[in-house]
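The next part holds the structures, each set out as structure tokens.
What follows is chain A paired twice: with chain B in the first complex and chain C in the second.
Here is the complex of A and B:
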């Protein structure tokens, strides 16, 4: 006998993600899923962003890494709720891990929950976590060809930050190449040229974040 | 290696259906994989072999078919087939695509036999 199923293999994850989103909605929390390669500046972005949103918006963070609590320790210095999720061998966060992370957080008075995904340009993009928006980071030292090489990270992004732009002169970086590649992949997401060192792009990023708070 | 997570999801899904509608012995699993899901069929099969070894699904054949991608332009509503590195709408030229198919793995059907009551 043949049983017709037609059901996504990701159905279980998507159902949990949907529940996460509902729970965050009820708590009035907007959730941003931050994705990029390792070392492109996700933690540093959060270290700069979270104090800049105070005092009007308080934030909490879930950090995903294979090992260590180093990122959570860095963000914990900001005196905000933070939970480290160690995925062990897992190359991405899934919705169930985020459910556990949310359960460990006190969401009262929180405006934004940032999820710092596992550093990886391929796997995280396939898993809905219950976020409201996705931010993709691309750092200048990674090279100007990464949008073309890893389009599935950038295609569903709601905002794209090109980080460490203070290094553009040093590395002979071709911004036109990035823009050209994005013109085939995602023209919806704003592209912000960002530097945590000089502060370039910070106002644009904060303004985009505030626009996400409905 | 998200193939391992996907294979593990598939295992749970097939076991659940075989129990709900049976008990049934699953002999064939038919999957549709989208080109945009970035699943390497060989890696998926390797993960699947590891997960289903010594399980009730050890004898089930896995059949994977690749399905076409489909997207809707958020600007002009045109439905088109994007490539993994090109989401330009052929009508209005914007790259603002909502993916409709191709970024998923679908469990299409199961071929089963009724288990003999012991």
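Here is the complex of A and C:
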């Protein structure tokens, strides 16, 4: 009984997600859903990425958070369209919230719509939002066991960014363990070792993004 | 309609949690539910805490994870009773899972039962498991904005541990911001600045634990 409820919610979500994707396709917008645990560096990644894509590609952002508009304020400083979606107690964004977010945006001239999902390694992965690709982040300080422990986030990812790699010298971290775990979970997605401090991995990430643009 | 389903699930959970607590009370076991984002240091905290409480207080642990038994294996090395609860795609532990976990434990002589919840700053906070107290962890590398962004985790916490404070020198981190945010969310719970590397905060944490024992 309970499972039936969940399934019907997911089916309804998928239908709305499909409509979101169609709407974005018509507008020529590519949508990237960015997912990770809290504090893995999603907002910082966007703060670095969006100026680097300008002036040839203009971006917009939907930011999901339980409360506060802090992330949207950070990204708003880049002078691009940003919509904050506050989920209250909700642990993930769903497609209907994204529909509302898109409706609040002027999509003309936008090349990429980034969705910064709620910081959570579990629930967001279950909800198609209408994106074209999924980026999963994991950060070095979270420890080298996260791919094995949260495979549902990494399995459907189209690209995986290991963030804060500048801390590898400070912390004990076994890259081989991450690669070994990924070999069981997802061998399709590129793995980028990334640092917003040193710039490591930035070119690889930007190249991947440009390859997603039609 | 959807909200009614959620409410009935939560009510059923609360009834089971109440029974768990009664059972633990009869056995003289105090139960601490430990919650945080992935990689904040829950397992490491237990690895340090449990030997420090011995020999006068014996502990047992229930470990919640989507998959793998890695955390249970780490804690099992301490030669104490440990039960791993794998939730599959489940984003939190619920009271019924804890009932099963308790049933698999011999509670005789146990002073503390620690529950290491699934790494998630959102969903676990909504589910009473039958614990006597809640410990919420946030780690320095996650950034100083997490209390404001995930208030539902910190509001019901009985104690809050800021972990990995040895990294404050390496990262930009504003303790005043954390204290200011906590002043709006929870002024009841002690805040302990903790480092499993340097031992900072360990005595304060152990004192708090001992104060919870009846």
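As a working rule, the second predicted complex is superposed on the first by the 205 of 214 C-alpha atoms of A that agree within 3 Å, B and C clash if a C-alpha of one lies under 4 Å from a C-alpha of the other, contacts with A are read in each partner's own complex, and residues count from 1 in each chain.
Here is the rule we use: a contact is a pair of C-beta atoms (placed from the backbone, for glycine too) under 8 Å apart; a residue touches a chain by one contact, two chains touch by 3 or more.
Quantities reported herein were computed from a predicted structural model and do not represent experimental measurements.
Of the two partner chains, chain C is the only one touched by A:65; chain B is not. Look at A:9: by the touch rule set out above, it reaches both chain B and chain C. In the superposition on chain A, contact is made by A:126 with both chain B and chain C. Once the two complexes are laid over each other on the shared chain, residue contacts for A:148 go to chain B and to chain C alike. In the superposition on chain A, no contact is made by A:84 with either chain B or chain C.
In the overlay built on the shared chain, the residue A:20 is in contact with neither chain B nor chain C. Shared-chain residue A:118: touches chain C; no touch with chain B. Touch criterion not met for A:196: it reaches neither chain B nor chain C. When the two complexes are laid over each other on chain A, chain A has residues 2, 5, 9, 89-91, 122-123, 126, 148, 151-152 in contact with both chain B and chain C.
Contact residues of chain C toward chain A in the complex are 2, 5, 9, 37-39, 65-68, 70-71, 89-91, 118-123, 126, 139, 141-143, 145-146, 148-152, 164, 167, 170.
For chain A in complex with chain B, the residues that touch the partner chain are 1-13, 89-92, 94, 122-123, 126-127, 148, 151-152, 155-156, 182-188. Those residues of chain B lying in contact with chain A across their complex are 1-2, 4-6, 9-10, 12-13, 17, 21, 24, 31, 36-38, 74, 84-88, 94-97, 99, 103-114.
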